[in-house]
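Chain IDs A, B, C and D follow the sequence of writing; residue 1 opens each chain.
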Amino acid sequence: MKIITWYGVLTLEDNVVVDCELFNKDVEELAEGLLQRNVAGAHPPEAGFDIRAPAISFYFVEDDREYDSLLRDVSIRAGKLRISRTNTPDMRIIQAVEALGDIDDAANALSERLSEWYGLHFPELGFSSEQLARFVKEHGARSNIPVDDAMFEKASSSMGAELPPADEELVKQFASNICDMYDNRHSIEESILRNMEEIAPNLTNIAGPLIGARLISMTGGLERLSQLPSSTVQVMGASRALFKHLRSRAPSPKHGLIFNHPLIKNSPWWQRGKIARALAAKISLACRTDVYSGELSPAIKVGLEKKVNSIKSSNPKPPARE
Amino acid sequence: MKIITWYGVLTLEDNVVVDCELFNKDVEELAEGLLQRNVAGAHPPEAGFDIRAPAISFYFVEDDREYDSLLRDVSIRAGKLRISRTNTPDMRIIQAVEALGDIDDAANALSERLSEWYGLHFPELGFSSEQLARFVKEHGARSNIPVDDAMFEKASSSMGAELPPADEELVKQFASNICDMYDNRHSIEESILRNMEEIAPNLTNIAGPLIGARLISMTGGLERLSQLPSSTVQVMGASRALFKHLRSRAPSPKHGLIFNHPLIKNSPWWQRGKIARALAAKISLACRTDVYSGELSPAIKVGLEKKVNSIKSSNPKPPARE
Amino acid sequence: MAAKELSDGIFEVQKSGKRFIGTKNAVPGSAVYGERLVEAEGDEYRIWDARRSKLAAMVLKKMTIPIKRDSHVLYLGAASGTTVSHVSDIVTDGLVYAVEFSPRTMRELIQLCDTRPNIIPILADANHPASYAHIVEQVDVVFQDVAQPNQAQIASVNCGQFLKNEGHLLLSIKARSIDTVANPAKVFKEEVKKLEKEFDTKFQIIKKQDLAPFHEDHLGLIAQMVLR
Amino acid sequence: MAAKELSDGIFEVQKSGKRFIGTKNAVPGSAVYGERLVEAEGDEYRIWDARRSKLAAMVLKKMTIPIKRDSHVLYLGAASGTTVSHVSDIVTDGLVYAVEFSPRTMRELIQLCDTRPNIIPILADANHPASYAHIVEQVDVVFQDVAQPNQAQIASVNCGQFLKNEGHLLLSIKARSIDTVANPAKVFKEEVKKLEKEFDTKFQIIKKQDLAPFHEDHLGLIAQMVLR
């Protein structure tokens, strides 16, 4: 019987090592070997087998000390190699989509602050988020708003306080920073779109690039996502509701992240559960297709549309209530 | 007896209105009057007195409809006037210090994201926060790091994945956005420093500009802060601990926001409670001095230093434990 | 789509199989705080969310609201005007005196007043009715929703000053503002006892109702002033 | 400042009137994860926070740790190496095989290995010991801290494969990973029963201890393998 170790292939007879075919004593080669070596007919060591002794008795290493230090170097090298290779395009998409979420949170919080801050000066403006930031960046104080601007009249009769020049500069810089975040967000979104179309054309076609990317991010990769049952895909991102369900026997959540899909969002409430189920099933199919063929298969979307139309036509009205 | 209303001063005899000295029927004047009118010897109406009837019987307004609409216009105008006047310098400091906190939160979250994202490419770098953002903004991909940079060697042997040019651009833009936030933070901090020295020189001298500004922000203004007992100042910002204390009879929190003051932070744990008490007392005194005189009084700081030295010399060692 | 009037100006509206309460929009086409607008029998209604309004919660808890089309209402704790706007919808021939303490919040309330003719905004502390007695007349209803420890007392001094004889007090009592740690039921009991016995004004309690699940640890109360 | 050795390589250190546990720093002058470094009697110790390490919590719970200066340890669930680094301090003449499943976490663990000569990093799933049997030798101690539903089973298959006869298993059982809703005490009981009866390996339990307040719903367990 042949068994494989990190330093060579051992031949056992009656549980005694009778021969050893040593590998090249080169850290790089041994590390590559750890990752992919496959020797026909050789097995991993059985329970209780001492792999250290033969390495010394067959003169692969001189003593325990050399065994320790060589194994360490090889393992570290192998680990580094594997890490540099696990950074597939998925990983970059995951980081980008998470960055998108982080920018959204940050831009929201800073916009709200801008709204409070600038609101001292011009409370009647009524803008928020990006519109507010662009406005403040462009105009600064109320007094700079040109006569032909739609906000000119509101500005002239505002109950807001004066904005001293030093503060105006500060607020404008703050607003400009927020505008850059929105620009940044836009570039990242475009890049996700491009990358998603390349690595997951079917998922992108069914779920849309952003929901698709978030699903990949939540599972840690396209391949893992493709292995999940569609009932899991349906509730992904509904973790709070799911947790509550487990803890308190509350009703199980009907839809998580995919709830933001236009097919569900734009449907009346009584059709949403059924559509979510259909959408999740097609998302799973799309992921598997992306992993196994990588080619865009328009039939999946056609199938989804058919299914959704049938749901809509068989459930035109809300269910009666007691 | 004379009583004052929004439209004039009424003279009552035996609870009957015998005369009315009407104010000018001008919205602006009446609104100003609502805010500050003080008529010698006149009182507010007593309980149950109907102020509407005399306005019509003395021909201030023609009918109920005019009463309603004039009172509305005057009240709205008065409200707007008061609002534009309550926006004192405190309010701008409050917004600035809150913006600082919001920028900190946002910059932290985005820096952590950058660390994950760029970490795919160069995990060994070991930088974080501003240092990381400046590094990525400057160099982008590992391959651009010059030979004389301290990170050159780490970069050459990195286990990180490649960074395609499109992603490099994205990450650099993201990093540059974070750098702008740190710049922005810096300007706001400087402005707070200038404004605090102007409106609250003593508080600034004792608590430092940022802790001082946060205390003002938490109470809603310098004047309100000056009215709080120093025991409250001592625990401000420790709301979670305070709440827990109230709910569960947990030990009362020893120090809140002022815990970040160097006098407390740099002292051993067993002196901190006593120093916090002393510091809070001097902060209260400093605020009252700022409100009533506005002049810097160096004696407060001298007193604090004396007190802290005496605490330190009478508690040189940790208390014995059972 | 049908609308049924529950009491003056307060409607039950049906839409897509669900029931809502709402008020007829005094400024058709525009929402005040993001609430939904629905059409029913040619009129537009603003959907009134009981989780955002103590008064709406009282309606859903089957308390009969004594506000009439022509009522003059003193509203204490107006905040940014979410509920005030619905009261303004109800009193089409009346008036709402809206008292709010915070200048920041008042800023939003004033913008609401700009669009509606029957709200009088007052920036003042409800603890000191004398400070707005030169503006506020005698009213039919006092509605109070303030988060302060002496809620019963504030209601009493304001009703004493401004409420007509046999006028109504609508009160939302927030237990946590009075005592953060005590049992809410006990707090409610004590506040109601104060209202009935402790002050110069005397009230007859018409109805009390816990406002859960819309508002936790809140008691809704309707009373009539019988003596001041 | 005094340091007392509690068991091989694990010390109790006193500083400013407080007592800490710690390990003698194998790389003096540098902290691994932001832990505090203190000097005592000429040596540098790394303070070991029981709230961040199940093993440190076991020490504070008076469980006698069977790791010796020259032990070879298989560590399952190495994470980014917080606890591994302390084990590396302890086994000055030994070796730690550190198994971790997540590549992201392994990235940090590898950076730790770069600075310490006695850690062998292994990126693998502890559910499949065959996948690292060509690297790991027979060891004296298996330490396991994984958040998976089949914790007892993972311990059994790994001990069966790698643990010397009469070697020790140190196990941290996380109830919430096994069953999010069940009572932790019941989960612990069932897992321990499995360890004792259900698998080919047989263990004699030496000590069990709830790790609260350092870790909620975690059981620390020390056992000796008596049969495989």
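Heads up, the rule we're going with is that a contact is a pair of C-beta atoms (placed from the backbone, for glycine too) under 8 Å apart; a residue touches a chain by one contact, two chains touch by 3 or more.
Remember, it's a predicted structure, so these values are computed and weren't measured experimentally.
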Partner chains shared by chain A and chain D (touch criterion as defined above): B
Chains contacting each of chain A and chain C, listed by label: B
Between chain B and chain A, distance of the C-alpha-averaged centres to the nearest whole Å: 37
Gap in Å, rounded to a whole number, between the CA centres of chain D and chain B: 47
Chain centre separation in whole Å, for chain D relative to chain C (CA means): 61
Rounded Å distance, chain B centre to chain C centre (Cα mean): 31
Shared-contact residues (touching 2 or more other chains) in chain C: 107, 110
Contacts with 2+ other chains: residues of chain A: 79-80, 83, 123, 159
Topology of the chain contact graph, where touching chains are joined (line, ring, star, complete, other): other
Touch relationships between chains, expressed as pairs: A-B, A-C, A-D, B-C, B-D
Touch list for chain A against partner chain D, complex: 4-6, 34, 44-45, 47-52, 68-69, 71-72, 75-76, 78-80, 82-83, 86, 243, 246-247
Complex interface listing, chain C residues touching chain A: 16-18, 107-108, 110-111
Chain A contact footprint on chain B (complex, rising order): 79-81, 83-85, 87, 91-92, 95-96, 98-99, 102-103, 105-106, 109-110, 113-114, 116-117, 120-121, 123, 159-161, 166-167, 169-170, 173-174, 177, 180-181, 184, 187-188, 191, 194
Complex interface listing, chain B residues touching chain D: 119, 123-124, 159, 268-270, 317-321
Partner chain B, residues of chain C touching it in the complex: 95, 103, 106-107, 109-110, 113-114, 117-123, 130-131, 133-138, 160-161, 180-181, 228
